[in-house]
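A quick write-up on the structure given underneath.
To keep things simple, chains are lettered A, B, C and D as they appear, and every chain counts its residues starting from 1.
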Amino acid sequence: MTQLVGGVVPPVCTPLTPERELDVRSLERLAAFLIENGMHGLFVTGSTGEVAYLPDETRYRALEVVAGVAAGQVPVLAGVIDTTTPRVIEHAKAAKAAGADALVATAPFYAPTDPVEFPGHFRAIRAAVDLPLIAYDIPVSVGHKLPTDVVLTLTEDGTLDAVKDSSGDLDGLRALLESDVPVRCFSGSEVLADVGLFLGAHGLVPGLGNVDPAGYVRLYEAARRGDWAAAGAEQTRLRKLFRIIGVGDGRMGRYSSAMGAFKEGLVARGVITGGTTSVPMIPLNETERGAVRQHLAEAGLL
Amino acid sequence: MTQLVGGVVPPVCTPLTPERELDVRSLERLAAFLIENGMHGLFVTGSTGEVAYLPDETRYRALEVVAGVAAGQVPVLAGVIDTTTPRVIEHAKAAKAAGADALVATAPFYAPTDPVEFPGHFRAIRAAVDLPLIAYDIPVSVGHKLPTDVVLTLTEDGTLDAVKDSSGDLDGLRALLESDVPVRCFSGSEVLADVGLFLGAHGLVPGLGNVDPAGYVRLYEAARRGDWAAAGAEQTRLRKLFRIIGVGDGRMGRYSSAMGAFKEGLVARGVITGGTTSVPMIPLNETERGAVRQHLAEAGLL
Amino acid sequence: MTQLVGGVVPPVCTPLTPERELDVRSLERLAAFLIENGMHGLFVTGSTGEVAYLPDETRYRALEVVAGVAAGQVPVLAGVIDTTTPRVIEHAKAAKAAGADALVATAPFYAPTDPVEFPGHFRAIRAAVDLPLIAYDIPVSVGHKLPTDVVLTLTEDGTLDAVKDSSGDLDGLRALLESDVPVRCFSGSEVLADVGLFLGAHGLVPGLGNVDPAGYVRLYEAARRGDWAAAGAEQTRLRKLFRIIGVGDGRMGRYSSAMGAFKEGLVARGVITGGTTSVPMIPLNETERGAVRQHLAEAGLL
Amino acid sequence: MTQLVGGVVPPVCTPLTPERELDVRSLERLAAFLIENGMHGLFVTGSTGEVAYLPDETRYRALEVVAGVAAGQVPVLAGVIDTTTPRVIEHAKAAKAAGADALVATAPFYAPTDPVEFPGHFRAIRAAVDLPLIAYDIPVSVGHKLPTDVVLTLTEDGTLDAVKDSSGDLDGLRALLESDVPVRCFSGSEVLADVGLFLGAHGLVPGLGNVDPAGYVRLYEAARRGDWAAAGAEQTRLRKLFRIIGVGDGRMGRYSSAMGAFKEGLVARGVITGGTTSVPMIPLNETERGAVRQHLAEAGLL
């Protein structure tokens, strides 16, 4: 097992065949591509991995494939995303069996819950499966922000190993990083990654890192040496590239558009075979796929 | 297979042993109790059934148990609650195998989606498993209201058999019922059930119906014969009883409190053995359980 | 001074000249039209009166004009709509001087407030100006729902004379009406007015009542005699007419569209001279005005 | 008239006598204190100035007082905060007469509006009163975020002179600053001021600047010379001090607590005479006032 300390840890896309089966060869190539480009870890079955769309068996197979490619070179994190504790624990057990080095779990969702119930949730997961546990703070999906005091308490008592912050709440991120408790924080933002590192975050989990892993490594390295001007310039370039997520705006939801764009970008870069996304996402049409390629060309990636 | 036309169709509680295994005996007694009290159907693995907390195997076992007790006397609906289409379809297949007469599915959740993607979602479920499909409109859990035009389109083309409306949007419910398309609607409200029926709804799906099924039958019958004063008076009585859901307020989330209260009510009435709820819900304490019994006594149920 | 007991009390539109001055003649005709059609009171400078768009002097002049026409035949309520207590009190004094029989005030807005501060707000207004005070519950505009217990407390201690409920929360409305405190409630809903009366509300404040006052009187009278089928049928007719508020959808905000439609409806019925709305609302174009007239024709109003 | 280019421009508190009249002497001392401590401008009748609580006459008098003290040394900005265009224009005229160098206006509020109506709103204000116009982006108060494209359009056509961003949306702020249109941006954040400057913002509008103006000048100067470590350290110190806004938590709304704390801080520093806030805000009690002083002492301000 390898240990995740920091760095760039992209949420790995899940390539699908036209029949919407897992495209194992493409996933192997993607994992290798990301490792070669300097990723410090790989996050499988995260939101960008279409985890909410994958049947259990596909989730675990994707994890096995990536763990096989990683082979201990970098840690492999598994998203164990489900509505509540008992269901998350089922995934956690399967993820450990499939080779995960750490688990990433959200607060409960769908079921109305209350922050007073969050500690019991994370503690039960941690107790059930002996792997480092990372809290995934993603209010847009689960409807709750993880309160600062809950994260601090669960870090102090050893339940949590780190936090992945996709809340967009930089004040909250900073509160964690300024506390006396040594919370390791990963920013999930593609577009304020430099700011996250400026505030002291230990690493990044950018979905766009699938398409331009080297860009995020440059940003991360610049930040590490305190060269904020260079980090900011790289961020500005990546912000432009990130506009690919809007190619389908007006014709589909933003997430359909973003998933289609990331996958089309990987096709354009020769990493995966096809850009198929899950049902009921709406596929990009030819114009939209062309727009993705145009953005990549402008970013110097083609 | 039996057909659901209307009436009172409670979302059946899922009794658990102290070890949080399915309490099969209690579930059998509960199903029998509900049928004896005149329920027109049983909705298994709905929100009140703690569906979001049940591992797959528990979900399907609960369904088998209830289908076994129902034995064709009343239709059994199965909640196939999961984040997106591919995962819902897995549940739908299992539910059919376990004896469901109809399926109840929500819009996608967790994954950011857009209403433009909802028709594809419901159509794919309906195409994959040949059972009547009921759309479950529950924005508080999934973050989206089902748009009126989507429901009408999917009813007209035969995808949807009915709608369960837990949106609280009575204007939207009325828009469905006033349209030229014959949409069958079930209100999920415990506290405005009479209003739903006044607007033309065909049935009710009240969680509180576990505890007082006869009360909701009286309300439904009064409404059927147009005796709105009697329906309103029964509703007022049930509204008072519904205050049991707040017994844990201040110490836990409202859902923990409500699930605990429904189960404690069933224990008090001698229907199930214990009031255990799922992790991470906070259990009611003795004072809170006493408050539940007090409410039941005042409602004439003990 | 006349006393408001119940009935239909429309929020009176504020006719403007093309130069966006108060059109006094039109307002006089509108007030007379509403009284002739059986309105039980008139609510001036409410949301439908474009109160948020009217300079102080226009507000008070409109009130004087309507009070002059009413001349004690029906009570005249004045919306005293502003951000917080000290500013509301200024309006309240001016409204009393201009002839108001009662005041209608919301919770504070713009300034972040908390329900714990609402009692002080309403009590200070009541203490400053000796007129009956009606709480205007309109979360969509002020960001807060008036809590049930606040309304009950302020009714019991004599601060509030009534509540105008534009919250859309029928469960909350029913909680007020079922309490032991005799709270007089007016529903602000155009489309669930019959339901509000079914729940026991004392009156209605429908913006659409400007255009079809007789329709709401018929609905109200049917409800008073317990003829819910007739009330519901009238409501269904009015719901169809209410679609006029959407004539500008896609080209403007819904409120621009609704204000334009109400005024155009009054022009079509020969009550006011022109349909000008306030800046920055977008005016209806000819097609949209034609659609308004079409709806009125279908409703039998032309 | 002086021109605002950038720098620290605090929203000036409005001192009140115990009878809640404007405390002119205290306001004069506060304005002088802020200028002496290096403020680059003064923003009168902003949210921190309790603008939503001040009757018109108090608003304009406060502006006159501050303009008199400023006497051309620094520009004086006036918040012209009201629900919609016609009412804002009334304030704008009065503010110009009272000596304002620039105007600060929000999007319409209370009245439901739509972004398509925002350009007309700002253009009408700019056309009515010839002073530089600053858009105040404060979704928490008005319910809408100013869309990036609206701000860019209105900057390009000369309507807007600058934007005050209190939206908390750093991605949106960055989008403005990265555009080809030279938008001058002021961050309204007390706690991410360094980040705002890192992203290229031209200035700061921190409410806490009333209490510690020198701190924000140090932060601003450090950022100007690119010393982000020094800026970040100063920000961390100011973040600790900012905890004063929570002294009343649990007993009042957060805004009551913050206004009380800022004013008590100014009393403790000997700048103003009393800490009275407007009705219906709840006053700090002795314990809470003590907590404010404790925070100031820890920050080295007493």
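In this text, a residue touches a chain if its C-beta (ideal position, glycine included) is under 8 Å from a C-beta of that chain, and two chains touch if they have at least 3 such contacts.
Because the structure is a prediction, the values reported are computed rather than measured.
Note on connectivity: the fewest steps through touching chains from chain A to chain C is 2. Per-chain CA centroids place chain C at a distance of 35 Å from chain D.
In terms of their C-alpha centroids, the spacing between chain B and chain D amounts to 50 Å. Within chain D, no positions touching two or more other chains are listed. Chain pairs that touch one another are A-B, A-D, B-C, C-D.
Within the complex formed with chain B, the chain A residues making contact are 20, 47, 50, 52-56, 81, 83-87, 90, 108-114, 116-121, 124, 140-143, 251-256, 278-282. Those residues of chain B that touch chain C in the complex are listed here as 168, 170-171, 174, 178, 189, 191-192, 195, 198-199, 226, 228-229, 232, 236, 239.
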